[in-house]
Every structure is written in structure tokens, then in C-alpha cells.
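Note that the chains are named A, B, C, D and E in the order they appear, and that numbering of residues resets to 1 at the start of each chain.
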Amino acid sequence: MDIGTVLGYGIAWGALGFGMWHITHGAIGPYIKPTEVILVGGCAVGAAIAGTPLKAIIASLKASKKLFSGGHHDTAHIIKEIVGYAETARRDGVLALEQASKDHPDPFMRRGLQLTIDGTDPEVVERILRIEIDAMIERHKHGKHFWAAVAKFGPGCGLLACLVAQIALFKNLNGDPAAIGSALAVALVGTLYGAMIQNVIAGPIAEKLGFISKEEAFAKEVMMQGLLSIQAGNNPRVVEMQLMSFVTTGQQQVMMRQAA
Amino acid sequence: MDIGTVLGYGIAWGALGFGMWHITHGAIGPYIKPTEVILVGGCAVGAAIAGTPLKAIIASLKASKKLFSGGHHDTAHIIKEIVGYAETARRDGVLALEQASKDHPDPFMRRGLQLTIDGTDPEVVERILRIEIDAMIERHKHGKHFWAAVAKFGPGCGLLACLVAQIALFKNLNGDPAAIGSALAVALVGTLYGAMIQNVIAGPIAEKLGFISKEEAFAKEVMMQGLLSIQAGNNPRVVEMQLMSFVTTGQQQVMMRQAA
Amino acid sequence: MDIGTVLGYGIAWGALGFGMWHITHGAIGPYIKPTEVILVGGCAVGAAIAGTPLKAIIASLKASKKLFSGGHHDTAHIIKEIVGYAETARRDGVLALEQASKDHPDPFMRRGLQLTIDGTDPEVVERILRIEIDAMIERHKHGKHFWAAVAKFGPGCGLLACLVAQIALFKNLNGDPAAIGSALAVALVGTLYGAMIQNVIAGPIAEKLGFISKEEAFAKEVMMQGLLSIQAGNNPRVVEMQLMSFVTTGQQQVMMRQAA
Amino acid sequence: MDIGTVLGYGIAWGALGFGMWHITHGAIGPYIKPTEVILVGGCAVGAAIAGTPLKAIIASLKASKKLFSGGHHDTAHIIKEIVGYAETARRDGVLALEQASKDHPDPFMRRGLQLTIDGTDPEVVERILRIEIDAMIERHKHGKHFWAAVAKFGPGCGLLACLVAQIALFKNLNGDPAAIGSALAVALVGTLYGAMIQNVIAGPIAEKLGFISKEEAFAKEVMMQGLLSIQAGNNPRVVEMQLMSFVTTGQQQVMMRQAA
Amino acid sequence: MDIGTVLGYGIAWGALGFGMWHITHGAIGPYIKPTEVILVGGCAVGAAIAGTPLKAIIASLKASKKLFSGGHHDTAHIIKEIVGYAETARRDGVLALEQASKDHPDPFMRRGLQLTIDGTDPEVVERILRIEIDAMIERHKHGKHFWAAVAKFGPGCGLLACLVAQIALFKNLNGDPAAIGSALAVALVGTLYGAMIQNVIAGPIAEKLGFISKEEAFAKEVMMQGLLSIQAGNNPRVVEMQLMSFVTTGQQQVMMRQAA
């Protein structure tokens, strides 16, 4: 459970709700306009759907669950695991990694281990795994894209809604000030919804999916370097030393203290 | 038929139309101003034409039909096909691919197969096909560019129209409020049209063409890697394993289950 | 004569002129303010001059004539020419290209042919021609930059003019409404000019120069690959096949039909 | 102590405070609205938290202390140190660097020296240190990201606050002018806070963290090149000459004069 | 003396001054508000200082003198010089370049000649000079950054000043219209100053410094290629032909005519 997403949205929406409630002395009715919800939301979501292949939209929605499941990409843990495999390979030969290549939860690691066991040529292994990482990054971009498109079209559609309301208003300027004020408020609600889509709905999702993608690619890079080092027949200590380059100095010291 | 484009535009325009209809209680006349259509649309399209070579404009219009024909780039299908070719080549020699090199619907695949059959040097094959992919990506950028230019110039031309109307208005401020309101409404219609061009007309087209281009390049990359692997005389299982790097873990498992 | 630039500007300015003429019922006087022309235009051009070396400004102005002369970069034509050279070289030796290396209208092709005739080392030829392409792209960026700078500073200077007029206005708010309206109109004319510079004057020029540069680089890339293929002593059919990667499938088929 | 950060914030906030104080004749009360602080600040910080993994947020906060501690990355000093090591290695062998590899304050240098002493293969050393620099740059991006996100969401959330206040206001347009003015002032305070977050709070922090990251990467690049040169058994003068490429001509002359 | 910078600023400021003078009939007092100068200027400069390390600020100020000294990077001249060195080296050996390596005004050329005379390994020479060019580009970015930051923070701080003034104003809406107008004018002066910082003060400086940096890097690239060609023992004609790739066709012809 990634507490960050929940916490962040909680703070942002809490602050927004508190502001609305405080400024209107608790009468937040004026901020809720179903017509504007349909107009702004439908327009932004529709434009994003029109601009994104269906496959990418589905990928986006699937990727969204990662926002809450949190990243399990503990680099230190991956390094320990790989050093363990290096020790096994050293002691009992790479064939002893057979079991791990079937049981490991991460399919990338399973595949990499299988290639190592098969004695595939190191250059081929690197090419296969590199393609896999690059294809994953490309797919992640799709996953992020739909939310980024919604966030991007949000303010534009808020502007559309605002203009639609204002045009209606200016055709009827003879009305009483209260009616004009009320109509202007409706126009501003459209702008508000557009800004909300960008700032407290879709924007942070797109940002975070981009981040999670980088973390996954980073974790897979560590795995790949480790597997290639095992395949090169390196001593477990050398494998460890190579992989420690991926972590901070602080983490390096913690890991060395644990190892000692 | 790519349902996504139709669906997305349907939702966006539906939401916009509903909003206009609801806010004016069904009198959507104020949103339809032929003069502003000519002013904003002509200005944005004209600026985009001036900024794009004619060849690229024609490419843009041709590319637009892809928005509805949908992408036929099913990576799993391509992989199966290539593995089939690898089996044929293994069993009967590469010359047995002659028929496929004539019948395949994709000219890139035909060309690649022909080069393979001709026994062209692998490095030359890779260079030729790589140039073909790169040149295609470059052409696709042209195809996307015109729509992106229309989308970019849209809001600027909406602003032009709004200013043109407001300047006319402010020269005649002595008029009655109704006339002023009506003139202001005309000014806002210009802004509305500019925002519509960007958000619910040309913007999503440009976005989607960019996406489709990436998908085509991805599909051709898979084909190229597969053909090179066949040419290297690899076992069909090795060809398959190499190409599976291009698909998700989920797809990998589906494909392995089907193969088993 | 590149009809696109003329056509595009014609449409954009026609639409703008029609809009002004229609909205004011033919009295377009309010849109013409010499002071604002000097203020906005001088400010944008001056800022662009200050931000661009004189050499690059001269390059910009020279490059502008390309907007109307059109691109003569017909890839199919270049390919045919090079295949012809390959046939000559095959039949009579590379020295037979001497005449072409003196008569060809494109200095890049002349230089490339000369290097080929001189029997310069292929790697050196590639490096020399690559530097020439890269240096050309760099110079083209300069040529585009001045117009891009004018387009970028346009709206900012329009805002400056608008603020200058509004500040003068607000110091004299006691005047009659007609005077205020007229002054506001002047302020908006400044904004209008800024938006015009960006959208219907300098913006499309900058866009198109960028495009033309890419096309020239593309044409020179085709020439370079062809010359290197001739130098490698390739069969004219192989040279043709390699260069056909640069054109679309449709063009490939047209060319093959013509050749057959 | 990096005087720049303190000085810059002092000038910016001093100018802002002076402006507020002067314009209101010392009554700066209207600029202080706790509700708007909660609304704008909470919304921007919440959106940034939702868009950033917790790990990266913590990295951001840790990185912030670098803003004040200043950069200790004196390239000239690093070069002198490495030339000293080169002299030691020349005179007494690389094993004589053992002590330095334990005492040096920078863990990257310690690690690099240790690898050199161990006689690790130069290509492996380069790869390990390169991964370490790249991973550091990646982590620094995370450290910068949170502040950049706060700066980015700031104006959007200021707009949200402004709209929330204006909508409440327009529902009650019948009030007296003073009340309306006061309510409009509250709306503008929201916008003001958003602009402050971007311009005088989070924006400069994000900028400076980006700078500091580049400087650290630059310093580590110098160290790596120096260590590789020592490992190649180069003469201390050659090591020095190679590293002097990293500094300006002015610094080169100063260093040569000191050395002479 | 680079006439471009002076000319550009002259035109921009002339146009702005003329506009102010003409619109107010010569009473430009309303545009001069010391409080706003302090508020907007202090805020933008302070934010830029806070976001830039002190070293980079000093580099920025030093780099600014280049705006007026003009670029002495005449590629044709550099080529002639290097061809002269190639002739000397051919005739009298590279040691005859000793004098030039001491007298040349450009330290990069001096250093390159010295490395050539020392008979340093060509790959090492290329690496050293490449690092020098890259480090110079990096430093130039710092030099440009401060001005770019001032330009970027300018409009934001102009908005801050405008909001500060408007908030004060709306608290006192009961005042007479003249007072309100005057206060609004003050608010707009803040916006004006922000737009001026971006468009006619810091923006062009940042643009031009970026340009000058590219030109210096280009000139040094020409020098490096020439020196490497001399070191490879190439014939002066070959050196010339290689370097001519860096100049336009027009310049090539001029140079060849002069040489003939």
C-alpha cells in the first residue's frame, strides 16, 4: 500500500474542501454543478480517448492500480538476492539456479535466470533483456499517456465550459445583477473543474506513473547487470561490488555493515 | 475500424453540445457565428499551411484515415508469423520463403523477406531496414505536423478574433448594454472556436497520429529483429524467445500456453 | 515557386481581413495604429536583433527566399540520378563521373562526386560529408532562429504595448466613456499586433524554415548513402535497392514500375 | 555556508515585503489570510506528494540542506589531490594509496582509489564508476522533483483558490461595494500565494538543486578521469594536463603559475 | 564591438520609449514607479540569485561583456591559419609550430598545438580537446543560466507586484474613480516591468549568450579537426578540403578563388 498517493490526495482534497467550506461558511452548493461536470469532464476525457489508442487507455487504467500497490523495488534487496545467486552459481554451478528461475515472483528475473542457465551467449542475453526493458519503458509511456492527456485537456475544456457559459450570459445582460453574478459563478465553476482535473485529479497520477516506470526500469537494470556479472563467472564479492554502484553511499555502508 | 477515435470525439462533442444546449435552454444559436468560423478557422488553417510544405500537408491528410482504420499491429500475431517463417526456413531453406515475400500484405515484411532470400549481408539488411524505419518515422512526423500546427495556431487565432471583435466594440461603447453584451458574446465565440480547435478538433488527431507512428515503428522493429534472427540461422524457438522480449509478461504467458 | 507559403498566408490574411471588415461593417480604421505598429513591431524586432548575432540575422533573411522558391528535393529524382552514376561508374569506371562532378547544380553532390573520383578513403568521405550535413543543419538553425525569436517576442511586446496604453488610460479615468472605450481599443490593438506577429507573420516562417532544413538534410543523406554505395563498387541494382529505403512504399512501386 | 541561497531569498522576500509595506502604508494585514495559506499551500503540497513516491520526497527534503551547506566541489583542488596521488603512485606504487582510500572524505573517491589499488580491470573500473555517477544523477532528479512539482502545482492551486473565492463572491453580488472589494482581495490573495510558491519559494530551490547535481556529477567526472589516468600508469604531469581540460583557461594559468 | 546587441536594444527601447511618449503626449511619469522597480526587479533578481550558485552568477556577469565585444570566430580565418600550420609542419616538421603554440591568442589553439608538437597520441589529443570543449559548453550554460532565470522569474514577479497592488486597491473600493484608476495604473506598472525584464532586458541577453556559446564551440571543433588532420600527417590540401566542410558553399567558393 503506497501511503503517499492516499496521503497526497487526502491533503490536496482536504485543503480544497476546507477552503470551499470556510469561504462559503459551509454552503458548498455553488461548487457542485452537474452540467459543468459533464461538460468539462466529458470533454477532457473524450479528447484524451480520441487522442489515445484503446490499447493504451486500457494500459493506463491497469497501470493505475500501481499507484496504490506501491513500488516493491527495493534495490538493496535485489542486490542481496543476486549476490545469493552468484554464491549458488559459484558453489554448485549455474544449473543450481533452475529452481529460482521457476519460483522468482518477477518474470524478468525468471527469464534472465533461465537464459543464464541455458548458457545463452552473454551478448544475446544483454540484447534480449535490453529489448525487454526498452519495450517496458515504451509501454509505460502509453500507460502514463492517457492520464497526461486528460490533465492536458482539462484546463482547455474548463475554458470551453467557461466560454460557453459566458456567451450565454452576455446575450442576456439586461437581467438583474444577482442573475448575472450567479451565471458568472457557473462560468467560473467550469474553469475550476478544468484546473482541478489538471492539479488535483489527473496531473499527479501522470507524474507518479512516470516515476514508477523509472523505478521499475532502474530495478530491471540492476537485475540485468547482476545476471551478466554472474554469467561472466564473477566472484560473488565482485558481483556485489559492481551492483553497489547503484545505491547511495549511505545504503552501501548499511549493506557492508550487514554483510560484515 | 478504430472505435477509440469515434468514441472519444463522440464523448467530447456530446459533452460540449449537451453543455451548450443545457446552459442556453436549447437555444444554441449564439454559439454559431459563420464570420468567426471563417476568421478563426481560416486563420489557423492558413497559418498551418504557410508553415508546412505542401507535401507534408498531403501526407497529413492521407495519414488521417489511419485514425479510423485502426492499428493492425498485433505484436503477438507478427511474432507467430515470423516464428512460422523461421520453421519454414529451418525445414526447407530460406528459398521456401519466396511465396511469403510476394504475398505478405506489409511491404516492409515483403522487402525484408526478399533481402533474406537474396542472402544479402546481414549488416546491409539491418542498415537498409533501419533506414526504412527511420525514414518512415520522419515522414510520420510530417503527417502529424500539420494537425499539430493547426492545434497550435488555434488558440492564437481565437485570440485574434476576440481582439478584432473587442476593438470594434470599444469604439462604440455608447451603445446600450444589450448590444455591448451581444458584441462581447461574439468576441468570446472567437476564443471558444480557438479553444475548440485545440482541444476537440485538431489536438487529439495530432496526438493519435504520433501514437500510431510509434506503434508502426515498434511493429517494424519486431519484424526486423525477427528477420535478422532467421537470417542468423537461429532455431525457431530461439527466434521466438528473442521476439517475446517485445511483449508484456502477460502476453508471453498467453503465447507460451498457446504454443504448448 | 512554392505555392504553399503564398496560399497559406493568403488564406490566413484573407480570413483576418474578412473578419475585420465584416465585424466593423467595412470600417477597418480602428485596426490600423501606426504608433502601435512601431511600438510592438520595433520592440519585437529589436529584442530579436539583440538576441541574435548579426551573421545569423543575415542568414535568416537570406534563408527566407527559400520560402517561395520551394524545395527541389525530389528524392525519387536524386535516386535515379545516383543510380545513373552507378551505371556509368560500373561501365566506364569512376573517372567517367568527372563531368558530372563539374556540372551538377548541387555543390554537395559535386563535392561528393569529386571525393569519389579522387578515390578518397570511404571513411574519410563519410566524415567529410557528415560534417558538411551537420554544419548545414547548424547554420539552418541560425536561419530559423531570428524568425522564431521575432515570433516569441511578439506576444510579449504586444502585452507591453497593451500595458503602456492601459496605464495611460487609468491615469485619466474621469474622461467620458467614449474616450475610455477608444483608449481601450488602442490597448487591444497592441495585443492584436503581438498575436499577429506570432500567428500570421513570423511564426509560420520559422516553422517552414525548420521543415525545409530537414528536407535538405534528408536529400543530402540520400546523396551521401548513394555515393558511399557507388564507392563500395556496388551493382547499380543494389545501389537502387539501398536508396529505395528512403522513399515510401507507394513511391517504391511507382519507381519499380517505371524501371521495369 | 552558501551565502547565495540566503542572499537571494533575502533580496526577493525583502523586495516583496517592502512592496507590500509601502503600497499599504504599512498595513500588510490584507496579505495574510490563513484560509488561503491552507487552501493554496495544502493543495500544492498535496498534489506534489500524490505525484511523487515517498522515497523521492524524503530524498528531496534531505537534499534541501545542500542549499545552505554550499558546494565543496573545487575542481582545482580535486585536480591537485589527484596529481598528488599520481605522484605517490609513481614513487611508491599504487598500494601506497591505501591510506588515502580509507581517509578521503568523499566516498566516491575512496571507492575509486580502492578499485585502483585492487588492480581492477580499467574497463570494469570505468563501468562501475560510470554507473555510480549515472545512478547519482538519477537520484538527484528525484531530490529535485518534489520541489519542482510544488512549484509547478503552485500557480494552478492559486487559481483554484481564486476561483473558489470568486464563485462564492458572485453568488452574493448584491452586497455593498466594500464587501465585494474585500472578497475580491481574498480571491487575489490566493493567486498571490500561488505565484509566490512558484517564484519565491519552491521554484528557486528546484533550480538550485538541479545546478548542484550537475556540479557534483562534474566533480565526480574529474575524479574518474583522474583515477583512470593514474591506473594507466601515466606520468603525474600527463595526469595534470589531462585534467586541466576541465577548468577554464584562467584557472589553468593560475594553477600552472602555482605549480611553477 | 558587436553592433547587433547595441542596435537591437536601441531599436527595442526606442520603440518602447516612443510608444510611451506618444501615448501620454510626452508625460511618461506614470511609467516610472520606484517602488515597483524595487519590488519587481528585486524579486526577480533575488529569485534568480537564490536559484543559481554564486560561481555561476559571477560567470554570467563576466560572460555579459561578450555581448558587446562580438564574436571573433571567423571560420574562414581559422581554416586559413590551420592550413598555414599544415604547410609549416609539412615543410619543417611539427616542431616548427613551437612559436605559434606560444603566440596564438586563443589558449585552446595554443594547447592543441603544444599537444601536437609533443607527439601526444592522437586519441589522447582528441579526448583532451573534446573534454575541453564539453567543459566549456557546460560553463557557458552556467553563464547563460542567470540571465535566463531573471527572464523567467520576471513575469512571475510582475504578477506578484500587480496582485500586491490590486489587493491593496480592492480593500479600499469606496475611494473616488480617479484614485482607483491611479491605483490600477500602479498595478499594471508592475506587470509592465515584469514583461520588460523578460522581453527587452534579460531575455535577449540569455538568447545571445546561448548563441555565442554555440559559435565558440563550433570554432573550437574546427580547430580540433584541423589539428588532428595535421597530426595525421595529411597534405595541406587535404586538411583544407576536410575543414571546408564546415563552411557554406558560398564561402567555399570564395576561399577557393582566393587560393587560386
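Going forward, a residue touches a chain if its C-beta (ideal position, glycine included) is under 8 Å from a C-beta of that chain, and two chains touch if they have at least 3 such contacts.
Just so you know, these numbers come straight off a predicted model, no measurement behind them.
> Minimal path length between chain A and chain E through chains that touch?
Shortest path length, in steps: 2.
> Interface check for copies chain D and chain E. Shared numbers divided by all numbers used: above half gives same, below half gives different; which is it?
Counting which numbers both chains contribute, under half are shared, so the two copies meet through different residues.
> Between chain B and chain D, how many degrees of rotation does a Cα superposition need? Round to steps of 5.
In short, 145 degrees.
> Quick one: report the Å distance separating chain C from chain D, using the average Cα coordinate of each chain.
Chain C and chain D have C-alpha centres separated by 39 Å.
> Could you work out how far the Cα centre of chain B sits from that of chain C, in whole Å?
Between these chains, centre-to-centre, one finds 24 Å.
> What residues in chain D touch two or more of the other chains?
none
> Following the ring of touching chains from chain D through chain E, in what sequence do all chains appear?
D, E, C, B, A
> Any idea which chain B residues touch chain A in the complex?
Against chain A, chain B makes touches at 2-5, 7-16, 18-20, 22-24, 30-31, 71, 177-178, 180-182, 184-185, 188-189, 191-192, 195-196, 198-200, 203-208, 211-212, 214-215, 218, 225, 241-242, 245-249, 252.
> Quick check: in the complex, which residue numbers of chain A touch chain B?
35-36, 38-57, 107-108, 124, 127-129, 131-132, 135-136, 138-139, 142, 145, 149, 153, 156-157, 159-161, 163-174, 186
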